[in-house]
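Below, chain A partners chain B and then partners chain C, in two separate complexes.
Now for the complex of A and B:
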């Protein structure tokens, strides 16, 4: 049963990426050929010859990482308050936190663009990072709130009565219970930030070149091999992020646990 | 309060000063070309242009950028962005009074040019300042008129392409509009054209307008009375054609790339579009089959011009002028013909070229697909609007 499930998961999630990879290294693979007839690295060469590619990947990773950090810094206190504290107008606050997802972000982006020009952060990574908070923070707060709901404040009090200090209580009670929520929030944030095109284009003005800015225009061409090569690269970045996250958090876990 | 402490830091990061705006068009006119070139040296020039074709990108990155760097010491950067997006950005920048824009050159034409011109988003009249404009660019109607819009020197032609049709392994491809319509009827499901919201699909309907009009003179200007009288005939032709199209004309490809992919997969037997040389690079890339045959209709093929312009808030107008002037030079225009990279028509006056340059042109272009006498003028942009407004109702759901 478990094997079957695993196979199904592989078929749904891994096979399409492999197919894309195959598509990117074939030459003239068309219907009705079932198997590719010729191979060519042309699409990857086209990618490699794009002078803006490496800086764009670097910029994408940098923006994604900063957006994740800001999301956690802003999201943890907000989610904690929503989960643990009862206050007047809580529903209203919750709705406001969720609003950026309900209102089309593009409508807000135009107005924010003017403000950012006046502040001098349009066409700059700082502006792009701020605008990426808009479609990510609501999800982070939601996900983390679910995590805090599972973490009963009584457990923290229990730790306190047993004589554990604040730092130790956080490290040994809160973080292990929150770990899955933190990971979900971080990965979700990273993937959303990674796939922003219009917001980055409007606020970044093309001076902040992220991967989608190079990649999306190719959807306007019939050249599927290049699109496939870009897509493979695109699919690798979240995996890379997950790998780094896991490495860092397990190292941190070893350090924190006494 | 801790969660707010990072925001000001991020804001500060971006608070780099705005430099003063560039020289105005009036002031520039006082300068000689030598002074402009001297002023341009060492500047950075950015150009907004659609980035979805590796051939076009390679031409800009491998030919233009190194050339202006070497000749004028200008650092050229291509910014991939579509016209509607950069126009909406420019609109916001105009509203915010931003004087130091993100780009110095725009790739633009037709409807987008009109929008930009009407909303005061362009730099001004600069065509007369360019030496190559005077020396080498053909003295053609498209210099003054972009789809019925007066150019007023606010943009200069960069490339000229013809509308052409690609057929798959057809020994006797249709060569006139009449034959094409008959061919479509004989081969049900083999032909279609993209939705007219798309420029390529719209271009096909513009050919039908020319076909109904017979004489290009009749539709050389936007004529409401003519539309009133003959618009019905245009829709009649398309309605008669519809049942023999792909999926009986109940649906149309959303975009040219969709039709190109259907053509590549053999789902339809024909595709179409501006740039008569576009099939070659697609064949070389293995997208289109070897037996692809390109035909320009001898009953007339619309020729379309695209232009470069400058936004109102360019920070380096001198350097932008120097780069634009280089784009119009015979060397750059001839290299643009090379099908290994871009492969599209030039806007030069052949008379002004040297013998050697003319041979180079011939070597790249090879056999002419659309002879000059078959070229039809592009219709007024208001015809484009008329097609977009009525096609769905008249043809798709009659």
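Now for the complex of A and C:
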């Protein structure tokens, strides 16, 4: 039973990625052949020779990272209040925080675009970062709220009575206990930001070039190997993000262990 | 020595603590006992520094306590739950205060003291386990080790056994009491259980509705309650015509104060009966040779020639 489950998991999650990778390094792979007959790095070379690609990867990572940071900065106080504080109109506030998900984001973006033009942040990464908060922040607040629900405030008081200052209490009690929620929120935010096409296109006005903006034109090319290579690149970025996140957080955790 | 002078506290115009004055001499344990809502936990949180009293002063030894922040007071509060940090092992939990708290030690010193303390609380073998692998009683012992490693001048305990089952509670409180006495810890122990208060405290203090009703040794409070309120809370004796009679000096008789049997209590090979007076509901426990049934009416009177000691 467990083996069957494992096989199923492999088939659903690992096979497509492997397949894509295999596809990206084949020279030709046509109908009757079960396995590719010839391999080449042609697709990757084509991708690498695309002059816009590296700047686009850089811009995507930059926007993604800033969006993650802003999400945490804005999401943590909101989630903290929703979880720990009792106040009138809490349900209303919660609903309002979730509204951007319920209302078609395109409708909001069109209106915001005009405002952003007036403010002078349209066609600029700042505007794109701001608009990426729309489809990400509601999820961040949700996820972090769950994290605060699990963080008993008494733990923090205990740290206080043991003599730890406020920053130490946050770093050694709150952050480790909330680590799974923080990681989920950050990765989710990063992936959502990474996949934005329409919002980036409208607000960025084609001047802010992120990976999806290059990806769609590539899809029009008939070369499947190139598309596969691009898709692999796309799939690798969140894994890279997760890897960096885990490395940094586990190093920090080790440093602060009593 | 801990001295509280006229500590008072209100929440939303409701007075929770009328000026409370008390002292705990060094190395002694004072139990504060009272029904829930009597202000005992509020008092404890004021001493810990989590609540700011509206008035009064606190001293620990010669230094003023209430002007310091909670983290800076040489005082540790133990909560109802052990509250071990789930992401740290037993020894890391115990060492928390030595790494991040008030008493920071070098790594080798930390390791040495933590292991010695864990041996003393009998959990050295569990030092690399995580809290979820421990029983409730073991968790409280780790929590105690974590508190005592800081060598606090005062330990505050807020019903630390209330989340344990009855058997374990009985066992652990005797163990904790002996341990605290061995270490010479000055402690303030809060509970709603008068039996626990008597076991844990060198002295006990009875509180009700924010007032201190009586302070004395457990024997004083049980044998010479300061008034009907204390007698009613302790539930060991009653006032008849203004004189206090412990249950042991009362007997069922053909005439006397009218009373009703509530239920039987079997303890230490005897059968006791909890009764209440029909007139004013005062409760006590008497021993009777003849068998009584709940709801049965009877009369009680003081035994002749028996002093209350």
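Just so we're on the same page, the second predicted complex is superposed on the first by the 239 of 258 C-alpha atoms of A that agree within 3 Å, B and C clash if a C-alpha of one lies under 4 Å from a C-alpha of the other, contacts with A are read in each partner's own complex, and residues count from 1 in each chain.
One rule holds for everything that comes next: a residue touches a chain if its C-beta (ideal position, glycine included) is under 8 Å from a C-beta of that chain, and two chains touch if they have at least 3 such contacts.
The shown structure was predicted, so the numbers you read here are calculated from the model rather than taken from an experiment.
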Evaluate whether chain B and chain C can sit on chain A together after superposition, giving fit or clash.
fit
Once the shared chain is lined up, is A:165 touching chain B (first), chain C (second), both, or neither of them?
second
I'd like to know which partner A:205 touches here: chain B for first, chain C for second, both or neither.
first
Chain A-centred angle between chain C and chain B, computed on Cα centres after superposition, in steps of 10 °:
160
Given the touch rule stated above, what does A:144 touch, chain B (first), chain C (second), both, or neither?
neither
Smallest distance from any CA atom of chain C to any CA atom of chain B, in Å, after fitting:
24
Of all residues in chain C, those that touch chain A in their complex
48-50, 70-72, 75-77, 79, 81, 83, 85-88, 92-93, 95-103, 110, 146-147, 150
Chain B contact footprint on chain A (complex, rising order):
27-28, 30-32, 38, 40, 42, 46, 49-51, 70, 73-74, 77-78, 110, 113-114, 117-127, 129-130, 198, 201-202, 205-207, 209, 213-214, 217-226
In the complex, go through chain A and note every residue touching chain C.
152, 154-155, 157-165, 168, 172-173, 176-177, 179, 256-258
Touching residues (chain side chain B, partner chain A) in the complex:
2-3, 6, 10-11, 13-18, 46, 48, 50-54, 57-58, 61, 79-82, 85-86, 88-89, 92-93, 95-96, 98, 102-103, 255-257, 260-261, 264-267, 282, 285-287, 289
